[in-house]
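Just below sit the structures, each encoded as structure tokens.
Two complexes, one shared chain (subunit A), two partners (subunit B, subunit C).
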Partner chain A sequence: MDSHSASSASATPGLTQWGWGSGPLAGWAAPALFVALGYYLAARVGFAFTLQPYPISTLWPPNALLLAALLLAPTRAWWWLLAAALPAHLLVQLESGVPVAMVLGWYVSNCSEALIGAGLVRAFVPWPLRLDSLRNAGIFLFCGAFVGPLLSSFLDAALVSLIGWGERGYWDLVATRIFSNTLAALTVAPLILTWASVDVSRLRAAPLARYAEGAVLFTGLLATCMVVFDLPQIDPHTAPALFYAPLPFLVWAALRFGPAGTAGAIAAVVVATIFGTVNGLGPFAGSTPQETALEMQLFLSAVAVPMLLLAVVLDERGRVELDAREQRMQLTHLSRVAMLGELSGGIAHELNQPLTAILSNAQAAQHLIANKSADPEILVEILRDIIAADQRAGEVIRRLRTLFKRGETQFQRLDANELVDEVLGIVHGDLMTRSVEVVPEFASALLMVHGDRVELEQVMLNLVINACDAMAGIAPEQRRLTIRTRSIEVEDGAVQISFGDCGTGFTPEQYAKLFEPFYTTKPRGLGLGLSISRAIIRAHHGRLWGSSIPGKGASFHMVLPALSTRGGSAVR
Partner chain B sequence: MGSSRACVSIIDDDALVLRSLDRLLQSRGFEVHTYSSPQAFLAQRDGDIPGCIVMDLSMPGLGGLELQQALARAADRRPVVFISGRSSVEASVRAMKAGAVDFLTKPFDEADLVAAVLAALEKDRASREGLAERATINLRLSSLTPRERDVLGRVVAGKLNKQIAAELGTAEKTVKVHRARMMRKMQFDSLAELVRAWTVTQPPPPAPPQA
Partner chain C sequence: MPYVAIVDDEEPVRKALKRLLRASGLEAESYASGREFLDASVLREPDCVLLDLHMPRMSGLQVLRALKAAHRTLPVVVITAHDAPETRDQCLAAGATAYLRKPLEEHELIDTITAALGARTR
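And now, the complex of A and B:
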């Protein structure tokens, strides 16, 4: 990778693997070499896939390779890549004894196909193109794989006729070129485009099982294709059914391996089919070369287009879901941090208590020692208290760190009573400064639930803070928060945790809006607490609701499915 | 310390903090009593013992500010030093308005605590001394006859014997006798001393209404 790569390179890893520097010498050499070498090899493949005895190539990949290279490169580098293909073109065509005029003519038409396709795509999608949305894939397929080959085929056939090479008619040539080039653009270009944007680090991080699945898929696909397309003597009656044999594997690839995997699978089908056909094997053999080529190309194109689009659509949807989940997680985390901000005064109190004890104890010990009046026993007590205070401060920090942390949801077995205790530990300072007395009514039995500790604590914290806020207007000695945990007898069992305040409560009209995002009755509230809390509890397969006697107080209840307390692991 | 039997009462619901403050103030030579809750303090308090109160602002049940009000109602005038783990401007303003000597935010340095305690003890000593002086003067005042009291009021108001005699409808000579007897009973040698003592016994002007 070049040291001064374009700024967008970091945003799209993989796609811009070459640093497109300011000039041909700075980082442009590697792409040029790649294009030249690829063009040469692609042309050799194209020759190998030529139906004998007539020189009709069923798949002409060099143009598709050029198209992909242009799409991957910034527009200002296009001339350079096209120029890089010229030596390869000359080399491979002159080897096969074609007149120089025809060789140059083909170079022009090949370049024109890539330029038309890439130019049209670029007009709609800015560089770099990624086949990660239905829109992008549709534009690529229409412009690059259809319009480009179509338009350039007229030019190509015209040049052939003009130079007078071969004896086939103009329209015959056009038809041959269109399908051969289209098939290549449909199979080779997506393969290069998708694999160029594969994130290597994610590929490396993939579990072994994924690799095994990929290996099984491709082995099965190749074996099926070889049986269907590369064996002689196919009964004409079973042939149509056999065409569908590779489809399950392609669907599998689309479902599980994204556009890149699907492009690979399509390429495998294409290679196996053409290999069989040019060797006179498989269901397409037997007609005239033109008919054979056309049948096969139509079949392969008909398979490639929907499969590719299916893979892109699935990939896009999956990513959208992933984005939504990521966003939900971020929002949950943000509201948690905001809530902890509200608690910061109480948390400071919680930390200042042990700090005061440590400082005063240490200073007392200093005086005792200085006055030579230090009784060793008292010093031992002082040190014991200092250690205890330090541990308490550490515990406050530990609780906070857990809540501040941003991470994936981790479901585990949790004791509901212990969760409530932990939450009360966090808000202890706030309850104190707001003169709120907690009345715990905990079930004596062990109440196990299955959930994410941090998220459930977030919900409880939110309910406790809401309760405290609701009681800010009443006399301090009346501020009582009742927290009740109990197991409820429903099918499979459930655990209910209720938070009851004795504030002003809410009216049915208020309740209707209570769980809506951005609805708040607090002067500085965001109005996200309850809506996020409800989302969290829903994700835990539970319920969160409120009840109120206006003027007497409100209660909020969360119900979570119970886990068997006998150590069972019904839910993992 | 100077005020021999003055005692610092510490109220904090946090046992660790309570013990540490107890040790710290004791190591600095103070006489200390500790209470783990406002209720315990209210149950055991003795307002006649000179001293001051060091208490946490936020405690469960009865907060520091409420306790301060309860003490004021009970005419327990021991000065209060508040300590708080949470600095709230509103709470500190309320505390200071209600007569607190100082408001320390935890964690505080011992120098600040000791300075606040010393100031509180001094305030207590001064107010107790003032109280004692007022009691003495009141006692002496009560020994005056009505006529002597009339004379005293007019002397303090800066009137001459002649004026007093005219106002009371008596001879200047008689006023002189009353005045001499009054000064003897009040045990003052100079007019200045008499005036100072008199102002001490007068009820203070009505305080402005407090929040």
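And now, the complex of A and C:
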């Protein structure tokens, strides 16, 4: 999985597969079951993370699980999910011998935390919430992981005091609950929210190397956490430095595995740290249970918040870049298609020629057969010519299809002479109808270049069409386009391809604007050809420029770095 | 047998048209360029010319103008794979008898040639 698939904007199978639309009984059964089971297990985890002998849970995940469930569900299903948690709540709390009034009181306060958090988030972000933008993540962290736990902690402590369960004071209870619930909301809820929107098909399609990288990351992170947090008390002077040991792994997760990977990594750090602390190990052990819990919760919250935000920001930026790349690709394709539209007359010429040969040959054969004067050898010859003409028409269509197609850039080893030949094949009809004579001056044994065939042909096509347009105003017998290829033997080598026309040329003032988008001297031009051509050549680490003697003609030159003889591209 | 000269730079087209005209009972010869045709036509004047419009170096239009300049009034049927209204007018103005688009329909071609030959004999 790459950093973008974690929160794919278009596909959210995790959010939609529950079929919320199909009504309470059929479609809502699965989520309710998930919530009930999850709530029960989360409560057991909460109990396991209690600092003995005092009943202070350092991390109370059931509320965070409820919060995540509400955020993933449409508002009309909330009552159903909260109701689904009740049996699990009763089961787990009654097992631990808590009075019924207190059990019900905690159910109310637990639900209130999830409701406050989810309600506030929903007020700002429509369903479904995705942690894929800084705005969404910020709203979630503030409303869900801060305001929700804060407000519900007052209610929780009030209920405990009212019912008279335990011996601790009101504010002591408030403080304990806030941090325990906040840490859970920071850890558990993002884990559920991010993984619920992971595109499973993309996850499956990820290459093995990605899985290996993930395995190395999580193994390294767990090993580091175990050394730092799960070994007997270490020297207090070196302890602060050790806190930073998991950081590189968390940054790695944020950079490479998106919000979902980071939420997973944070959860691993939290579990490892709490496991050590509740077992009297690691740097937090040694103080009173309250102090120990508070120090650890503050540390983990301080790690979780920036890491989660970092992952979300990186993910968002990556997606913006991806969108921009997609748009550039679309624009390049559009301009190519527009250019082929300009060539349509020439293309019709190219197809009509073989069609004429096919039709006239076939009709001649009909006559020969009808007159019974058909020599089999002549018929064989006619059929051979028909096949050849048909193949030629097929070749015209093949060339066009390649250029019409929209696809990812594919870099490969290319011969510039071959590319120019291919381009001249495409524009042959236009050159003919516009009476432009091509003078090829190709260097033999040209160095190979590394590039995308279609994009480089697009640039050459653009330069040829521009040259033809520039010569439209001069006498047909003077319209000459010289195409020169040559190897440049400097440093790692390069290949230069030049297109020189005898048209009107351009002035220095015109040249200054020539490569700007939407600048055109043609009556029906878009003014994108040269700016896109230059972008393509730059993406090939090459250069595209023009030179002109006004009134005598213009030349455009493209230089592409040669493929190094060592096998790789000479470009860096 | 009327003699038709075919002028087209494309060898497969030239060959196919020559076959078709011969199979239709006409005498046909083909030339790869306007210059080649102009040189040969001095020695033997055809009864009709099938002249391709877009050819390198010397276009069909230039051939028409050369014929006109030499005061030769041959019936010329211009054929083109690239149809543009302005070229049609230019050709007719330069003295072409008819203007046909490729691919050529046999009946239309033969009818046009027959009409051109008839105009010449009148």
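Convention: the second predicted complex is superposed on the first by the 545 of 572 C-alpha atoms of A that agree within 3 Å, B and C clash if a C-alpha of one lies under 4 Å from a C-alpha of the other, contacts with A are read in each partner's own complex, and residues count from 1 in each chain.
Criterion: a residue touches a chain if its C-beta (ideal position, glycine included) is under 8 Å from a C-beta of that chain, and two chains touch if they have at least 3 such contacts.
Everything numeric in this text was worked out from a predicted model, so none of it was measured.
Aligning the shared subunit A places subunit B and subunit C in steric conflict. Within the superposed three-chain model, A:Ala215 lies out of touch with both subunit B and subunit C [touch as defined at top]. Residue contacts after overlaying the shared chain place A:Val320 against neither subunit B nor subunit C.
In the superposition on chain A, contact of A:Val100 is made with neither subunit B nor subunit C. Comparing which residues of subunit A touch subunit B with which touch subunit C, the overlap comprises 345-346, 348-350, 352-361, 363-364, 367-368, 371, 382, 385, 388-389, 392, 429, 432-433, 435, 437, 476-477. Of all residues in subunit B, those touching subunit A in their complex are 14, 16-17, 19-21, 23-24, 26-28, 57-63, 66, 83-86, 88, 105-110, 113. Here subunit A touches subunit B in the complex through residues 345-346, 348-350, 352-361, 363-365, 367-368, 371, 378, 381-382, 385, 388-389, 392, 429, 431-433, 435, 437, 476-477, going by the rule given at the top. Of all the residues in subunit C, the ones that touch subunit A in their complex are 10, 12-13, 15-17, 19-20, 22-24, 54-57, 59, 62, 81-84, 101-106. Residues of subunit A touching subunit C in their complex: 345-346, 348-350, 352-361, 363-364, 367-368, 371, 382, 385, 388-389, 392, 429, 432-433, 435, 437, 476-477.
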